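Read through the structure below, which is laid out as C-alpha cells, and then see the notes.
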Amino acid sequence: MLSWLIFIPFLCALAALLPVRRIFRVWLLGATALLHASVVGAFWINRPAPEWNGYLVLDPLGLILLSIISFLFLSVAVFMIGYFQHEQRLNRTFIACLLLLLSTMTLVSVSYHMGLLWVAVETTTLFSAPLISFHRSRGSLEATWKYLLVCSVGIALALMGTFFLAIAANDVHTLFLPALLKQAPLLSVNWLKLSVIFLLVGYGCKMGLAPMHSWKPEAYGQATGMAVVLMAGGLTQCAFLALIRVSQICFQAGMSDFYASILIVTGVLSLIVPAVFILGEKNIKRCFSYSSIEHMGLLALGLGLGGLGLFGALFHMINNALVKVVMFLTAGSIAQKYGSSRVDDVRGLIRSYPLTGIFLLVALLAGTGMFPFATFHSELMIINAAVIAKHYWLAAAAVICLALMFIGVSRIALEMVYGQPTEPVLAKKENFYMNAAIAAAVALLLWFGFWLPEPLEKVLREAAALVGV
Amino acid sequence: MILMILFHWFFVGLTAPFLIGVIARVKALVSGKVGPSLFQPYFDLIKLFSKQCVYSHGVTWVFRISPAVTLAAMLIVCLLVPFGSLKAPVQFSGDILLIVAVLSLSRFFMIAAALDTGFSLEGLGASREAFFACLSEVALFMCLIALTLLARRMSLSGMLGADSPLSWNLLGPALLMVVASLFIVMLAENCRIPVDDPDTHLELTMIHEVMLLEHSGVDLAYMYYAAIIKFFIFGAILVPIILPVQTIFPFINTLIFAGGMIGLAALVGLVESSMARIRLNRVRNLLLIAFALAFFGLIVTLWRGAL
Amino acid sequence: MTTWIDAGCILIVFFALIILATSRIVGMIRIFVLQSCVLSLMPLFLHAEAVSARDVMLSLGTVSLKAALVPFVLFWAIRRISMRTEVKPLIGVGASIVCGALLIAGAFWVSLALRIPGRPVTDLGLPCALATVLLGFMIMVTRTRAVTQVIGYLVIENGIFLFAVSLFDAMPTLIEMGILLDIFVAVFIMAIVLNNINEEFEHDPGGESRAKMGETF
Amino acid sequence: MESFLQIAWPVPFGELALKIDPLSLVFLCPVIILLICAGAYGVGYMRPYWGKRPLGAHVGFYLLFALALLLIVTANNVILFLGAWETMTITTFFLIIFSDEKEAVRKAGFLYLIASHCATFCLLIMFFLMAHFAGSMDFTVMSKVGFPLELAGIIFLLALAGFGVKAGFLPLHVWLPYAHPAAPAHISALLSGVAIKMGIYGLCRVLWIVGILPAWCGYMLIIIGVICGVMGVLYALGQHELKKLLAYHSIENIGIITLGLGVGLLGRSYDQPFLAVLGFGGGLLHVINHSLFKGLLFLAAGSVISKTHSGDIDQLGGLAKTMPVTSVLFLVGALSICGLPLFNGFISEFIIFFGLFQGVLALPLLGVIFSVLGIIALALMGALAIACFTKVYGAVFSGQPRSIDSGLEYSKTVDETTSIWMLAPMIILAWLCAWIGLAPKMMSGITFLGGACLARVDLFLIDMSRIYIPLSTTIGIAFLFSGLILGLLVMRRFILGAEPQPVREAWGCGFTRVSVRAQYTASSFARSIIDLVKNILQARQYGAKAGGYFPLRARLASSVRDVSEDMMFRPLLAGLTRLSRKIDARRVLYTQMYLMYIFLFLIFLLVWKLR
C-alpha cells in the first residue's frame, strides 16, 4: 500500500507532463490528492504493514506527517481549481512537480532508513525548486536560485551527518532506524555527536531554522501561495521529521541533553531572528515567511524541551500546517487579485473581498496563537514546557519574540484588511473553490482549538512516546 | 438629636456673621477709620434676603440650585464641628472625610454655576478656584493626617472635643506647623487677603467674588451666608487646637472659645490690613508653603511617634 | 595499494585547492573533471583485493555523472548564457590559497581528534575529505559567480563522496545511487534556473537589475 | 458561598470549570449590568447605521464578548481563563474597529490588539509558573498551595505586567486613550466599565491564589495606584477630546482601585484583617462604582457626539438647553466620579480613605508613610477630578456653543432627539449610582465579602461595625443634606413668591455683547493647573501671538504629551524597526552571506559541543 502511495503520484506526474489541456492537469492533481487523502484516511483506521524490507514503515510520527501532507495537497488542489480559472499561465511543470513532490514527501514520511530519508528529503528539495519560479519573474528565479543553493549545501551537510552516523554505527552496521534504536548504546558517542550536529544544521537548513533561514523570505515571498503552502507546511516539516528521528536515536543513546541544548539554542535563535527582521517588512508573504521561521523555532524548542513540549511540538506540526494553508493560500489569493502582496497596494480587503479579509485575519490570529485556534494550545504547551523545565529566561525570550512577531504581522495584516479599499486587478468576485480550500483549514483549526479529538490525541501520544517521554 | 442639630445651626447662624463684622471693624480701625457696625453683615444679609433674584440669559438649573447646595453643604459641615463646649451633634470615626467631601461638593456646584453663565469672567474665577482648591485640599488633608496621628483617632470631635489629647507641651513643634498651615488654608478657602480680596471688584484679582457676579437677591444671600459660615467653621477647627484649654466649667470653656474666635477674626483682620493681595501666580506658592508646613509637621509627628 | 589510495586522496585535495586558485570558470570546470576522475577510481583502489560489482557500478556512475554529464551541463549553461568567464573573487587568489592551506591544516588537526572505529584502509581519508569539503565551502563563499558556486557545491559533494567510499561500506548501493542521481538533478536544475535567469536579463538588457543582483550571474 | 460547575473539555489541560465565589460575584455585577445597559444603548446608537453597515458581525462579536466576560470572571481553570481572555481581546478589537474607514480608529484598534496580546504572554508565563508549582491548572487547587516568597514576588510582577496592560496601569496604558475614543459609545462604555476591570479582576484572582506575598507588593500597588491616579487625572485635564478625557479618567480610577487593593495587601501582609478587608472591599466597590458611572459618562458622551458629531470640548457648549436629560445624567456621572456625597463614588472613596487613615494609625512606620502618600494622592485626585469635570460639564453643557462653525448648528434645534433606547440605559445607570450612593448597604456588603475572600479572613470574625457605623451615619447625613437643599430651595421659593424671576442680559462687570468665542474654554480653564505640572506632562503650546497694530487671525493650540507613550514605546518600536531595516539592507543579495551564516553556525556548534 505504501509503495503505491508513492508511485501513483509519480505516475500521475508523468501523465501531467503530457501535452494536455491545463484544466485536465488540475483535475488530475485533484483526483490524485483525493485518492491519496482517502488512502491516508484509511491508514488512521488500519495501519499498513512495513514494505521494501523494512525501508518503508508508517509509524505514528509518519502518520501525522503523512496526514498533514495529504491535507495540504487536497487544499492546494481545491484551491487550484479556482486559481487556474483566472490564471493564464502554463502549468505543466508546476503540476508535474507538485505531484512529484507529493510522491517524495510521502516517501519522507514513511522512510525508516536514515539514508533513504536523506535521499527523499533531497529529492523534495529538487522538485520544490521549480515551484518557486512559477511566476518566472526575475525575483522568483533569483529566489529559486538561493533556495536551491542554500538547501543543497544544507542537504550536503546532512549527508555528511548521515555518513558520520554510519561511522558511529560501525558496530551496528546498518542505518535502519529500528536497529539503530535498539542498539543505540553501542553507537560511538563522539561520532554520534558530530553526526547530530551536522544533521541538525543540514536538515535545519531545509527546515529554515535560523541562522539557516535566509532562503525563506526570498522563496516564500516570490513563490505562488500554493507552492509555499506545500513548502512551509509540508517540506519544512518533513525536515522536522528527520530531526525527530535524530532525536529518537539520541534519546535511545542517552544523549538527550546534548541534542536538546542544541535544539533549544537553534529554536531560540529562530524565534529572535524573525522577530527582529519582521518589523521592517512590507510584504505580507515575506511577513508570513518570518512567521514560518518562528513556528519552526517553536517546533525545535518543543522537541528540545521534551515531555510536554514534545507533545506540543507534534500538535504544533499539525496546527502549523493548517495555519500555513490559511496564511499562504490567502496571500496567494490576494496576490492574484491585486497583483501584489505589498501592504501599500492592498487595502480595505474586508470591503472588497470580505471572505478573504476574514481569512487574512484568521491567518494573523491563528498564526500568532490566539485562542479559538488550535495554535493557541500548542504554543501554550511549548511555553509551558519551558517553564516546567525551569528555563525561565527561555520562556521569557520566547514570549517577547512572539509578541514582537505579533506586532510585525498584525501591522501589515490589519492594514491590509481594513481601511479604504484600493482597486483590485481582478473583478470583485470571490472564488468558491479558493475560499473552500481555506475555509476547511480554518474549520479544522477551530475544531482542534475547541475540541481535540480522541483519535488524534491518541496518535499524538503514541508519537510522543516513540521519541521517548 | 434633632434639637441638638437645630441648636447647632441656630448658634452658627446667629454668631457667624459677627466674626465678619469683627474683621471689617479691625481693618477699619487699623487704617484709622471708624468702620461699619459690628453687625453690618447681618444687615447685608437681611437686605439681600428681601431682594428679587435676577437671572441672566441662558443659565440652567445648575446655576439656580447652586446657592442652596452651597449653603446646605456649609450647614451640614457645621454639624460635624464642635464649638467649644458645644458638642458636635454628629460625630463618627472618619467624619473628617465627610467634611472635605461636602466642601468639595459645594465647590463643584459653585464652579459649575459660574461656568453655567458662559461668561468669561466667571470662567476665570472658576478656573482659579479649581486650581487653588487642589492645592489647599492637599494641604488640608496633610493637616488632617497630622492631627489624626497626634490624636490617634479619626473623628474631628475626637481631635478637638472635650477630651482632646492634643497638648502643646508634648507636641508643640508639630502642632505649631499644623496650625500655621491650617491658617493659610483657612485664608485661601475663605478667600481672604493675601489670597483673594473679598472687597474689590476688580475682576482680574478675584477668585471667589467673581464667581458670584451673576448671583443676586436671595441666591446671593445664600452664597454670602455660606461664605460666612465657612469662615466660622474653619475658625472653630483652628481655635481649639490653638487654645486646648479645658476647664471643668462649660461656661468658661465657651467663653474661651468665643474669645478665641473673636481673636482669630481680629488676627485675620490684622493680616488683611497689613498685607496686600499677592500676585495670583504666587498664590500657589503660598499654598505649597502651607502644604510643606503641614508635611513638615507630619514628619515631626512621625519622628515623635517613632521615638 | 595504500600508496595509490593516499596519492588519490591528496590529489583530490590538491585539485580542490587549484580550483580555488583558478581565475577562469572554464579552467575550474576542467580541474573539477580531473578531480572527479580521480575520485571515481577510489572505490576500485580501496577494494583492490576484491573488486565487487558494486564498486564498479559506483565508479562508473561517478565518472559518467561527474566527469561527463555535469561538466557538459555546466559548459552548456556557460555557453547559453554567455557569461563573462573571469571568476571575480571576494578574496584575491593569493589570499585564497593561504586561507585554503590553513583550512587544510585545520582539517588535519580536527581529524587528529577523531578516531575512526573499525579498520581504516587509509588514515588520510578523513582529513582529506574534510579538507575538500572545507575548500568547497570556501569556493562557495568567496566566489561570486553563480557557476562558481555550483562548482563549489560539487567540490563539497566530492569531499563527502571521498569520505563515504574511503571509510565504510554500510550504505546500500541503492542509496548511493540515489545520492548520485540527486546530485545530478540538482546541477541540472541549477543550470536550468541559470538559463531562465539569463533569459529574463535579456528581456531587460543593461538594466539596473543586473547591478542589483550583485553581479552574481 | 461558592458554587462550582465542572465539565470535561477535551483540549490539553482544559476543563470547563466554573466557579462563583464572592470575588467573581463582585465582578459579575458590573459585567451583567453594563452589558445589558450598553447593549440596549447600542441599539439606539447604531440606528443611523442600519442597512448601511453589516451590523450582524457587530452584534455577534458583542455577544461573544459578553460570553467571554462572563467566562473570565467565573473560570476556574487556567486554559479556560486564558481562552476567554484572548476571546475578549479579539472581540473587543473587532468591536472597537467598527468605523474602520477612519485612520485613527484603525490605529487605535491595532494598538489595542497588539498591546493586549503581548500582555497575554506575560500571563502565560505567570500561570504556568503557578500551575507548575501547584501541579494543577485549577485555580482552587492552586490557591491551597503555599508559594515560596520569591516565586510569589515574581508571579506578582508578571501579573502586574500582564494584567496591567489591560487595566491601563501607567506606563502600560498607551492603548487606552486611543481605543476609547475610537470605539462606538456603547463599546467605550464597556471597555472602560468592564474590559479594563478584567485586568483588575485578574490581579485580584492572582492575589487570591497567592496567599502570602512579600510586603513590597503592597507598597508597589500603592505606588502604582498613586502614579496612575494622579497622572491619569492630570492627563485628563490636558485633553480636548471628550472621550479621550474620559479614557484618561479611567486610568485615574484604576489608580484609585489599585490604591485600595494596595491597602488591602498591606493589611494582609501585616496581619491587620480589618485593614485588609477595608482596602480590598473599597477597591472592589470602586470597581463596581466606576463601571456604573464611567459607563454612564461614556454613554452620555456618546449621545453628545452622536448629536453634534464632535467630541471637541473646546467647540461644544450650551447643550444643557438642547439635551436637558442627558445633561442631568452626565452631571450625575460627573458627581459620582468626583467622589462627592450623595453618589456612589463617594462611598468607595470613603472606604478607601478610611482604610488609608486606618493604615496611618495601625501600620508600622513604612506603612504609615505609604498610607500618607495614598491619602495625599487620593485627595489630589479628588480635587483635580472636580476641576476636570466642572471643566467638562461647564464646557460641554453650559454657556453657548464655542464654535462659530456652521457645522455646529445643533444649538438651534431644541428637541432632545435621543431615542428611548439610549436614554433608558443611562437613566438606569444613573439610578444605580444614586442607589449605591444612598443605600450602600447591599453592595458594600457584597464587596466586603469579596474583600474578605481576598484578605483570606472570615468576615464574621471582624468587627465590621467599625466601618458600617460611619457609613450609615454618612448616609444619614447625605439624606439630611438632600433634605436641606430641598428645604433651602423651598425657602427661596417662599421668600420670592411664585412668579418667575426676571431674566436679563448677563451683567458681567458691564461687558456686554461679547462673542461666544470669548467664553472661557476648557483649555483655558485647565491651563493654570497644567502650567504647574507642565514639566511632568510635557505640555506644549503652539501658535503665534497676535501682533501688529491690526492683528489678524492668530492660532493657539496646546497639547499634552503622554510621556510613557512618546518617550518609551514609540522610540522603542521605531528603533527596532530601524534596526530591522538596517540589518535587512545590509543583508545584501549575496548568497555568500547566507552560506557564511550556515558555516559559522556549524563551526559554532562544533566548537561549543565538541571542543
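Labels for the chains are A, B, C and D, by order of writing; each one numbers its residues from 1.
Criterion: a residue touches a chain if its C-beta (ideal position, glycine included) is under 8 Å from a C-beta of that chain, and two chains touch if they have at least 3 such contacts.
This structure is a prediction, so every number in the text was calculated from the model and none was measured.
Asks: Among the chains, which has its CA centre at the largest distance from subunit D's?
Replies: Comparing chain centres, C lies farthest from subunit D.
Asks: Report which of A-C and B-D is connected by more C-beta pairs in contact.
Replies: Top pair by contacting C-beta pairs is B-D.
Asks: Roughly how far is subunit A from subunit B, going centre to centre by Cα mean, in whole Å?
Replies: 77
Asks: Where the CA atoms of subunit A average out and where those of subunit C average out, how many Å apart are those spots?
Replies: Spacing between the chain centres: roughly 31 Å.
Asks: In whole angstrom, what separates the CA-based centres of subunit B and subunit C?
Replies: Averaging C-alpha atoms per chain gives centres 98 Å apart.
Asks: In whole angstrom, what separates the CA-based centres of subunit B and subunit D?
Replies: Going by mean C-alpha positions, subunit B sits 34 Å from subunit D.
Asks: Using the touch definition from the top, which residues of subunit C touch two or more other chains?
Replies: Residues 137, 140, 149, 213 of subunit C each touch two or more of the other chains.
Asks: Residue numbers in subunit D touching 2 or more other chains?
Replies: 589, 591, 595, 610
Asks: Which pairs of chains touch one another in this structure?
Replies: So, checking each combination of chains, I get A-C, A-D, B-D, C-D as the touching pairs.
Asks: Where on subunit A is subunit D touching in the complex?
Replies: 142, 145-146, 149-150, 153-154, 157, 190, 193-194, 197-198, 200-201, 205, 211-212, 214-215, 258, 261-262, 276-281, 311-312, 315, 350, 365, 368, 370-372, 376-377, 380-381, 383-384, 387-388, 392, 395-396, 399-400, 402-404, 406-407, 410-411, 414-415, 418-420, 449-454, 457
Asks: Which residues of subunit C touch subunit D in their complex?
Replies: 90, 113, 137, 140-142, 144, 149, 212-214, 216
Asks: Spell out the part of subunit D that touches subunit A in their complex, as residue ranges.
Replies: 10-12, 14, 79, 82-87, 89-90, 97, 100-101, 103, 106, 109-110, 113-114, 117-118, 121-122, 124-125, 128-129, 131-132, 573, 576-581, 583-584, 587, 589, 591, 593-595, 597-598, 600-602, 605-606, 609-610
Asks: In their shared complex, at which residues does subunit A touch subunit C?
Replies: 113, 115-116, 118-119, 122-123, 125-126, 129-130, 133, 136-138, 141-142, 144-145, 148-149, 152-153, 156, 159-160, 163, 166-167, 169-171, 173-175, 188, 190-191, 194
Asks: In the complex of these two chains, what residues of subunit C are touching subunit A?
Replies: 114-118, 133, 137, 140, 146, 149, 153, 156-157, 160, 163-164, 167-168, 170-172, 175, 178-179, 182, 185-186, 189-190, 193-194, 196-197, 200-201, 204, 209, 213
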